[in-house]
Amino acid sequence: MFTNTLFLLSAVLTLGGAAAVVYTKNLMHSCVYLLASLFGVAGLYACIGADFLAATQLVVYAGGVVILMLFAVMLTGGSGNNINRYGLEKITAMGNTKTFFMAGLTAVVTSLVILKILASVFKSHSATVLTANEATVDKLGTLLATDHILAFEISSVLLLGALVGAAVISRPRKEKHD
Amino acid sequence: MISLGSYLAISFALFISGIIVMIARKNIIAMLLGIELILNASALNFVAYTKFSNNNLDGHIMSLFIIVIAAAEAAVGLGIVIRFFQLRESIHIDDAATLQN
Amino acid sequence: MSTFNLDVYMPVVILIALALLVAGGSILLGSFIRPHNPNKLKETAYECGEEPVGSAWANFNVRFYVIALIFIIFDVESALMFPVAAIFKKFNQIGLGGTLLLSILSFTLVLVAGIVYCWKKGDLDWVKSFNAPQVNVASKDK
Amino acid sequence: MNSTVVTYLAQSNEYSAVVAWLTKLIGFNANSLVAFMVFAVASLVVVGALATIGGLGTYAERKISADLQMRQGPNRVGPYGILQFLADGVKMILKEDIIPANADKFTFILAPFLCMVGVFATLAVVPFSSGFMLADLNVGIFYLVGMASLVGVGVFLGGYSSNSKWSMLGGMRGASQIISYEIPATITIVSIVLLAGGLSIKTLINGQGGLPQQWYLFHNPFAFIGFFVYFIAALAETNRAPFDLPEAESELVSGYHTEYSGMRFGLFALAEYIEVFVVSGVAVALFLGGYKVPFDLGTGAIFVEKLGLDAMIAKNIGQVLELGSFFTKTFALYYVVIWVRWTLPRLRVDQLMTLCWKYLTPIAIFNLLGCAVWMYAFDGKSIYSIIFESAAVVAGHH
Amino acid sequence: MDYTIATIAPIVLLPFFAFVINAFIVKKFTNLAVAISTGAIFVSFLFALRIFLDFMNVYSVGYYIHKTFTWFDLSAGSHIFKVNMGIYIDNMTSVMLLMVTGAATLIHVFSTWYMHDDPRFGRFFVYLSLFTSAMLGLVLSDNLLSVFIFWEIMGFCSYSLIGFYYEKEGAGNASMKAFMTTRVGDVFFLLGILAIWSVVGSASFVDIYNAIAAGKFSNMYALGIPLATFAAFSVFMGTMGKSAQVPLQVWLPDAMWGPTPCSALIHAATMVAAGVYLSLRMYPLMELGHLLPFIALIGGITAFGAATIALVQTDIKAVLAYSTISQLGYMVIGIGVGSYNAAFMHLITHAVFKACLFLSAGSVIHSIHCQEMPQMGGLRKKLPYTFFAMLLCCFAIAGVPFFSGFVSKDRILGDALVMAFSNPIYIPVAILGFGGAFLTAFYMFRMLFLTFFGDPRDHHIYDHAHNEHLGWNSNIPLLILAVFTLGLFYSGSFTGQGEVNLFGSKNEWFSTLIHKPDIASLHHFAEFQSEDFGAVDTRDKLDLPKATYDENHGMSEEEAHHVHQIHHVGAIASIIIAFSGIFLAFSMYVKKSINPGWWTETFAAWTRALKGKYYFDDLYVGKIIQKGLIPFNNLLANFDMGIYDKYAVDGWAAINRFAYTVSRWFDNNVIDSGMVDGTGASVRFMNVILRTIQSGKIQLYFMVLIFVLASYVLTLRF
């Protein structure tokens, strides 16, 4: 009963958020809707017992990625419909009928592909019995420290690379005359 | 109500939304939003399959690293966007079509 | 391994609903009794009593972004550290503490290298951004 | 595991009776339904209590600041002015609700809601006592970190949506400050998790005891430093002085909520005061033994044994003692927070970032590694038990 | 001594770790980086020495160490696709390891002196470390795939080191040339690996040997030729590229743009020898593919041709470079005439004396800052140690008895002579071989005399030769290498397993231990079983019989006697040839009784051809590359105008005007408008389309990607 409610709420939040991301024309709003969608995904994780992943989703996405996106939106001029000094359209560029038509076409094709792949799954897994939810933290920790130790260590290198790379890219640069 | 099918359907919808956002938007940041949606859809798939097939946690690990990579990707991607904006005063994707200057 | 019921998430949902209810309710309650007579002056943003100049949604200092960037990397790092830290005690009891300690050490030190790099390059200095000229469009955009 | 208010109540016979009666009445298993109702009531109690505490927080702040500055403080409304917060509340509801014309209305309305949700959701895992706890999630402390980060989004959106330069600056500063100080706080939490061996709040508290030498604060030197790192970071995360840059009156008018008026402003304030309580509570749970009462009085077993009380009543007495223990420590920290605010001058923005990234974060990482090495080297024993045991060994030799 | 991968891998990994560490610290801590590099290779040398002594101790033909582990496994069901990596050490490998690590150590030490004042002192060592680890990896590899990987890493290092002085334009061009030329060979080599894989299903040497023994290659054809021949030829093309055999020899002389120590290590001692080493490993395949005569011929042409070019060079390093090509030619002759262990011995002896020669040349160049021999002369007194070392090496390379070059080269030539008597195809090989030997003796001593004897021709240079800068780290490597040019280290038995014999015909360890893996003897490998990672080798070496020297080499008494006789003739001939070459050089450049100028004037055309290096560069650069397409076009045009128009069109027109008109109409309307213009138009049309597609619009790419993927998936059935 409650499980289904939680699932439904999360699903509605996820899909509604995603749909709103598609629909809205305001970049800042679409970031907020993305937050809602990701929040819903966290709920979906929680529904199938992936409690640690749900929390990670909250920490990394709600706290991290969305804030980063919001900052990036601000750094590139907010979401006002300004025209910059070169006369270029500065922001928006949120698509028009033509691009949405193309996107719709692609989406149809993609959904054909995915539906074809998923058809068998939908047929065979119609009635699954939910296994009991278990605490995942210890298991995940054990996996990370044993089987996936290499991935764990390499991810630190990946993060280091991302940190250094992004810092170098976005660092303010001195102009020539100084 | 909670079944593999419903999870796959949700992740399918998320994925399609991501595709649409990625192609329809001409704003680089908005495209990155689409990429986040796509990555989330795939991560959700991994967890769902893990739950409904053998219930070992490999899918969780995979999703965990997808999240890690998504974060790194967002950091670097947005860094590039900001740098590009500093150079061009634009975050229109088609302004990024030239290879030089 | 003990199992758990999804009912443990009930309070979370209830509390979120309560938060929305409390916030929405108080505003709704106020709307019945509070005065509502807006005028143009009231609705302008506060700018020391002057007419606001331009939009506030101009570009901001890149420093903010670099900070957010370092933040997200360390956020992810801590997210990965949590499960490993949680099993440390258990592993220590069965005699695997040394290997786990090594892996935690190497994982952390690699990221420390990152923060040392940013420190050396001055990304952590806030003041520098005031002195160093930069290609920031905020001042030009009028 | 999963010992919440429901599992606590389920120990009594009445609970199962009620469940059985309801099951009979409505025709299907009412376990979940009763749990829901209990949770709902408990949540209402918690929210009510904390709203009051938050409100009283404003009163306490004024009173304490007045005390520190040798003034009277509010003293007109009610005895000692204690009803001041009610008067404030009424005022806020009665104030006109102004949304600036140029504002982004959607986010303007959403921002305080986000703050509220972020703060209220963290209440779920605040351990008031071993029995009175809303949810004991397996990932409790991590969940708390995640939910609390919603506040950052709320603050940013609040600053952004007003379309005022003061708000914008305040919002950017606020968000970057909150996320920055989340790092040392989180890493310190990781080091305590490492000591306790689990993410659930219950596990964290059960690793400690009622007496100070059993607390993680005095477990080892790294945890001791960690407490101060966490406390400073928590202050900054809640935008409290001396880290209240986002709302620095002398610089930014009122920061990110410059354009907010009436109840909308009230929500920000309420969220802030409750968050202070929550971080104080978390600090207590992590470092100061949480709800633990000395000499295991909290379990109530001793009352059954010595006084011959009924088991359930003894347990209830134990719970009250635990609640007392938790609230005493938390309010003590709360007092320190207010005390700090009215004692220390505000930092400059560059000092703020320097403090975070060049002092707290390296120290926190050092603490984490130190804790890991300590665990490995001393097999998880606290400094007290090491000294005590060696003393015992020495004593045994003589 | 039981070996596991963990006890063998340090040989490769130490230099590699040195490379990794140095790559980071080289800018700040140059001296530390140099010390790390040198130390790492020295420790590798100790490891190699231990392995070598162990093999000497066992002293058995059948002893080898083979450790494999699965790199990746893509097997699905019954379809096995498994890639193993591993280590294979037999007697040959152990000798090779010792040579590579020893030479590399000495050259590292020498480089600390030679490169010391260079601004990129540290970086040089970074490259050297990477190179050394790659070379050692190649030597230890048990399969062609890892050989190829290390082969390419070496190619890269060679490229970097040739272009080390990248400020000079010539260096940049030379490095590019070396890279591209060897690439031609490498492509064939890869093709060969694939061809072999298609038959064997593995690239492991042992698997290949087993497949050959089992006759898997029979009745396999590729492009209409036997697959064995095809594979052997492709692999040998790799050798030709790497070991600078005609016609891919052009890059090696230009490789001398690199610093001299790197020339010594890479372009004399090790990397170029790796090609020969590969051919030695693949000997059964070459034999199976009936490629040996071809190989011998290529080797002969290379040996002789390069020697003739060396006659007229004036740059001291150029002489050495051509001499290297020529000596590599001898090794290839050795392979071609089936003189397996002599070819390998020549590889080793050549590595030693050529490294020493290069290092000597390096110390001369570094002392006088000049490479041109006509400006040298009389340096004997200034550089006595260098002179001594170079003298010994020249004796060795010229084939004077008691020196190493004599032992190995004489054996190759002797076998060539034996083959020439039995098979007329080999007659030119023998002639070219002996001729080359004469020229070798001549030009090496020409170089020696021009450099060290006579009066100083350029007093400015002579006076400024600062020999006081020569230190222990420049002389000791030279002298150590020079000592090892003595023949008794290779023939005879200094390890105490047989009797010492200065003439090198009795009980010598080299030919006792290293046996030709010809098809007849491949059964030896059949007992092989792959072992898991790090497992101890199950072969109990105590059970292995000690190898004994077979004077008859498995032939009957009579045959052996016949062969010995020819060998004696060959030996005497080569001694005479060597001394006459030396005498000729002596009389030309020391006694000056013969005027070399007369010879160059008399045979001016020849001299020009030699100076022009037989115009190979002109051919490649000028003819094939630059004008490759235009002459082809011209040819077509000439055909059109000169033959078709002149005879066919005019003739036909005269006979039949109607046909002519029709032809012209056809020409105008169909060929020109339709096809020629049509081609242009279609290109323009495609251009428009392609330009639109190649718009840089990432979303478009993404869409196309999705559509292509979709069209693929939707056509699948599952």
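Order of writing sets the chain letters: A, B, C, D and E. Residues in each chain are counted from 1.
Please note the rule applied: a contact is a pair of C-beta atoms (placed from the backbone, for glycine too) under 8 Å apart; a residue touches a chain by one contact, two chains touch by 3 or more.
Keep in mind that this is a model prediction, so the values were computed, not measured.
Asker: What is the shortest path, in steps, from subunit C to subunit D when you may only step between chains that touch?
Answerer: 1
Asker: What is the set of chains touching both subunit D and subunit E?
Answerer: Neighbours common to subunit D and subunit E are A.
Asker: Could you leave subunit E out and let me know how the rest splits into touching groups, if at all?
Answerer: one piece
Asker: Suppose chain centres are the mean of their C-alpha atoms. Which chain sits farthest from subunit A?
Answerer: E
Asker: When the contacting C-beta pairs are counted for A-E and for A-B, which pair yields the higher total?
Answerer: Counting C-beta pairs in contact for A-E and A-B gives the edge to A-B.
Asker: What is the chain whose Cα centre is as far as it gets from that of subunit C?
Answerer: Relative to subunit C, the chain with the farthest C-alpha centre is E.
Asker: Just curious, how far off is subunit C from subunit B if you go by their C-alpha centres, in Å?
Answerer: Computed from C-alpha means, the inter-chain centre distance equals 20 Å.
Asker: Return the distance between the CA-based centres of subunit B and subunit E, expressed in whole Å.
Answerer: 51
Asker: Find the geometric centre of each of subunit A and subunit C from their Cα atoms only, then give the gap between the two centres in Å, rounded to an integer.
Answerer: 16
Asker: What is the distance, in whole Å, between the centres of subunit B and subunit D, each centre taken as the mean of its C-alpha atoms?
Answerer: A distance of 34 Å separates the two centres.
Asker: Would you please write down the residue numbers of subunit E that are in contact with two or more other chains?
Answerer: Only 699, 703, 706 qualify.
Asker: Which positions in subunit D touch two or more other chains at once?
Answerer: 1, 32, 36, 137-139, 142, 160, 168, 172, 176, 179, 182, 198-199, in rising order.
Asker: What parts of subunit A, by residue number, touch at least two of the other chains?
Answerer: 2-3, 47, 49, 52, 56-57, 59-60, 63-65, 67-68, 71-72, 74-79, 84-85, 99, 102, 106, 110, 135-140, 144, 155, 159, 162-163, 166-167, 170 - these are the residues of subunit A that touch more than one other chain.
Asker: Name the touching chain pairs, would you?
Answerer: So the chains that touch one another pair up as A-B, A-C, A-D, A-E, B-C, B-E, C-D.
Asker: What does subunit E use to touch subunit A in their complex?
Answerer: For subunit E paired with subunit A, touching residues are 699, 703, 706-707, 709-710, 713-714, 718.
Asker: With touch defined as at the start, can you tell me which subunit B residues reach subunit C in the complex?
Answerer: By the definition above, subunit B touches subunit C via 64, 67-68, 71-72, 74-75, 78-79, 82, 85-87, 89.
Asker: Within their complex, state which residues of subunit A touch subunit E.
Answerer: Going through subunit A, the ones touching subunit E are 99, 102, 106, 109-110, 112-113, 116-117, 120.
Asker: Okay, in this complex, where on subunit C does subunit B touch?
Answerer: Contacts found on subunit C: 62, 65, 69, 72-73, 75-76, 79-80, 135-137.
Asker: Residue numbers of subunit B touching subunit E in their complex, please.
Answerer: Per the stated touch rule, the residues are 19, 22-23, 26, 31, 93-94, 96-99.
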